[in-house]
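The first chain written gets the first letter, and so on, giving A, B and C; residue counts start at 1 in each chain.
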Amino acid sequence: MTKPLLSVEDLTKTFGGLHAVEEVSFQIQQGEIIGLIGPNGAGKTTIFNLISGYHPPTRGRIAFNGRDITGRRPYELARLGIGRTFQVVKPFPGLTVLENVVIAAFARHPKRADAERHAWQILESTGLADRAGLSAASLTLAGRKRLEISKALALEPQLLLLDEVVAGLNPTEADQTIKLILQLRDSGISILVVEHIMRVIMNISDSILVLNFGRKIAMGKPAEVTRNPEVVKAYLGEEAACKP
Amino acid sequence: MFLLLPQALVDGFLIGGIYVTIAIGFSLAYGVMHIIDFAVGEWIMLGAFLGFYLTRWLQIEPLLFLPLVFIVFAAIGYLFQPVIHRVLSGKKGNPLLMALVFTFGLALMIKGLGLTVFGFYSHSIPSALSAGSFSLEIGSLFVTVPVIRLTGLIYALAITLALHYLLKKTDFGLAVRALSQNKDAAGLMGINAKRTSSYVYGIYVGISAMSGVLIGCIFSISAQMGSQYTVFSFFVVVLAGMGYLSGVPWAAFLLGVVQSFFLIYFNPGWTLLAVFGILYAVLLVSPKGLFGKGV
Amino acid sequence: MRWRNLLWIGISIAGLLLLPKFFPDPFFLRIVTEVFMWVGLAITWDVMAGYTGYLNFGHGAFFGIGAYVTAILMMRSGWPFATTLPVAGLVAGAAALIAGLPTLRLKGAYFAIATWALALAVQQMALVLDITGGPDGMRLPPFLHPQFFFYLMFALVAATFALLWFLLEKAPFGLKVKAIREDELGAMALGINPTTIKMQAFILSAIPAGVLGGIYAYWITFIDPASVLADIITDQAMVMAVFGGLGTLIGPLIGAVLIFAFKTYFWAYLADYQVLYLIILGGVIALTVVFLPNGLWGTITGYTGGRRILRKALRVRQPAERPQGSGEKET
């Protein structure tokens, strides 16, 4: 049994009286896609923020490649190999698409020329190379989401946290993104995906982690999880693309 | 030496009231429009000079002009707010920072205008109450309470109560509070953001100008006094915690006491330095203000 | 492509270097020397404002600190002028470090207030301390050689311009700084530590300003808190940079030249110039913010027509050109 890439133990985060995340434990292995689902407010984005270092956990430990990274800051984690996207995309609007990615590339390629070359490669692989000279502000939503992924990729991460990268895209764009995610997984990157579109999550995840009210209520293969009565209960009232 | 300590405390407490008023107006403007108005000291200066000239021309007790000064400057503020609003809605660059630069430019212009029109001289506004004072004996301690300073405190209390009533008990106040919490939602509820902001800015400028008149009765005025009061406003508001109105009285009275302390015991030139020192220390240790509740 | 640029720059520099030979009038040289100085102050202010997105309303304090360092070292310790300059720069840099520690953590508006207040504090200190001569200021030994100061100021500002151009436009540092300006949280997710970068930018903006102050002190031979530690220094640098165009180096340069030229003509015609000048200064910055937020240079380069023209004139390399040899596609 190989060592897990990411190991989360008893992760807890409280904001004042609000228990956003409560004793969540799970592991991510190398090269697998974990889907993170749950009703609104279940704590998914908080988990992202905890793993990527934007909030220190109130309790619990996070280990990456065997090293304890609990409480480390986002920029340290980025250099260690954890990349993330944001639910509300964060491009650098005043800079060009290329410059956006070059900045991310500096994490692995300190020299400008190397970083630029690496950035071009990334842009080609994500299909943004033809828009490299445009300002990031001029991109459509689909372009911005693609840019967000490109920047995270430029870090050459081992673990990628994708926060609703498919939401808001038309079916063609969505399919392209799904294809990209699968390609990334095949190249060895582990991915933790948050997505509300069930058809996407069920199809691409190797394993699904379900949160409700900050607690983990189920984890397992997509088929098992959809049959889990706890999960169905949590989602009662929301559209269930998962049929029994 | 310690015989003077109670006097320093009393003086500081009395003057603190005025600083509370200025700071509340300032925080109000910040809460609703999210701008830091660099020109606050200059509004104070202009109000002080209006009070000064009205007193000189009409030879009446200056404190009677307070309502008039308020109305004049509230109108100015109300009419001027749309310009600030335009800057804040700019699409290019960073609107908040640009607004800051704008109020900085405004402060510069008003200061220059003040120097041109009023010259470099200092004046004092002669109030009938300026000369009077009475003494209090508390046990074996003996303090002098200048009537004019007491008036300042009463003024501060009146304004604070009026604002409190306005904000908590009227529909307008509800609109203001809604606006400062969530501009978009407030707009969806039918609150006219632009008009409400204009009123708020008008109120803030009016209060600042009125406070200027009182300052002119207690201390002296000059075209260059603006910077000092801008610093004081920032001090109070930052120490209290930006947006945290409950902290304002504490910070304001602290400022008053520090100022009086230095006036009595040390060279007054050190007052500003002491203020800066405290500000620096607080920012270093607790950027959200003394109570940690700032934004 | 870059040949043309270098040629123009070379010609301009040569022209400026030869200026004193053709126009030796000391009054004229003094004006140009002061223009250089303001270019230096405007571009260093822009390092924080335009590139990093932090408004330093107390920038003039670095200048004043440098001036006093030179004055104190020369007058109280007998140092020769040349050796005081690096110290002036370093002390200004240290001041940035001290001032930056509590202030860089703050959001934009607070940073502006805090730096403004700290600069006033420095002025107060100069007024009350003995070593600075208090309100009477300090006199320095006269060294009346306008050409010397012309070349010295030019050399410093040119070197500063070149250094900033390299660090902010070419080196990775510049992009990192801009990333922080655009989105600090987003930059953190990409491996950038904002506190470190901001502090570096802050110190970078302070050191040349300090050296400028040192040169100024020896040049003018008299300094006092009202002249070198006054608001007006930051105010002018600010107006020049905003009017010229934030976020570039050419913008503040243009702004400095234009505003200072205006000031010089203005001074010639108005007796009570300083106060009216304040009004105009404030007006310029207020109007620029409302009507021309990208400044002159920013607006010119913003028009696609203008951009095309400029690009042709300067043969600027298209930013989207692929570097040779990176055509390998990923399979």
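For this structure, a couple of remarks:
Quick note on the criterion: a residue touches a chain if its C-beta (ideal position, glycine included) is under 8 Å from a C-beta of that chain, and two chains touch if they have at least 3 such contacts.
Keep in mind that this is a model prediction, so the values were computed, not measured.
Common neighbours of subunit B and subunit C: there are none. A centroid comparison over C-alpha atoms places B as the chain most distant from subunit A.
Central chain (C-alpha centroid nearest the global protein C-alpha centroid): C. Between subunit B and subunit C the centroid-to-centroid distance comes to 33 Å (mean Cα coordinates, whole Å). Separation between the centroids of subunit A and subunit C, computed from CA atoms only, is 42 Å. With centres taken as mean Cα positions, subunit B sits 48 Å from subunit A.
Residue ranges of subunit A in contact with subunit C, taken from their complex: 52, 54, 73-75, 78-79, 83-84, 86, 90-96, 98-99, 102-104, 106-107, 110-113, 115-117, 120-121, 124-125, 132-133, 151-152, 154-155. Put simply, subunit B touches subunit C in their complex at residues 35-36, 83, 86-87, 90, 92-94, 96-102, 104-113, 115-116, 227, 231, 234-235, 238, 242, 267, 269-270, 272-273, 276-277, 279-280, 283-284, 287.
Within the complex, the subunit C residues that touch subunit B are 53, 55, 57, 101-103, 105-106, 108-110, 112-114, 117-118, 120-121, 124-125, 127-128, 231, 235, 238-239, 242, 246, 272, 275-286, 289-290, 293-294.
For subunit C in complex with subunit A, the touching residues are 170-172, 175-176, 178-179, 181-183, 185-194, 247, 318-320, 322-323, 326, 328-330.
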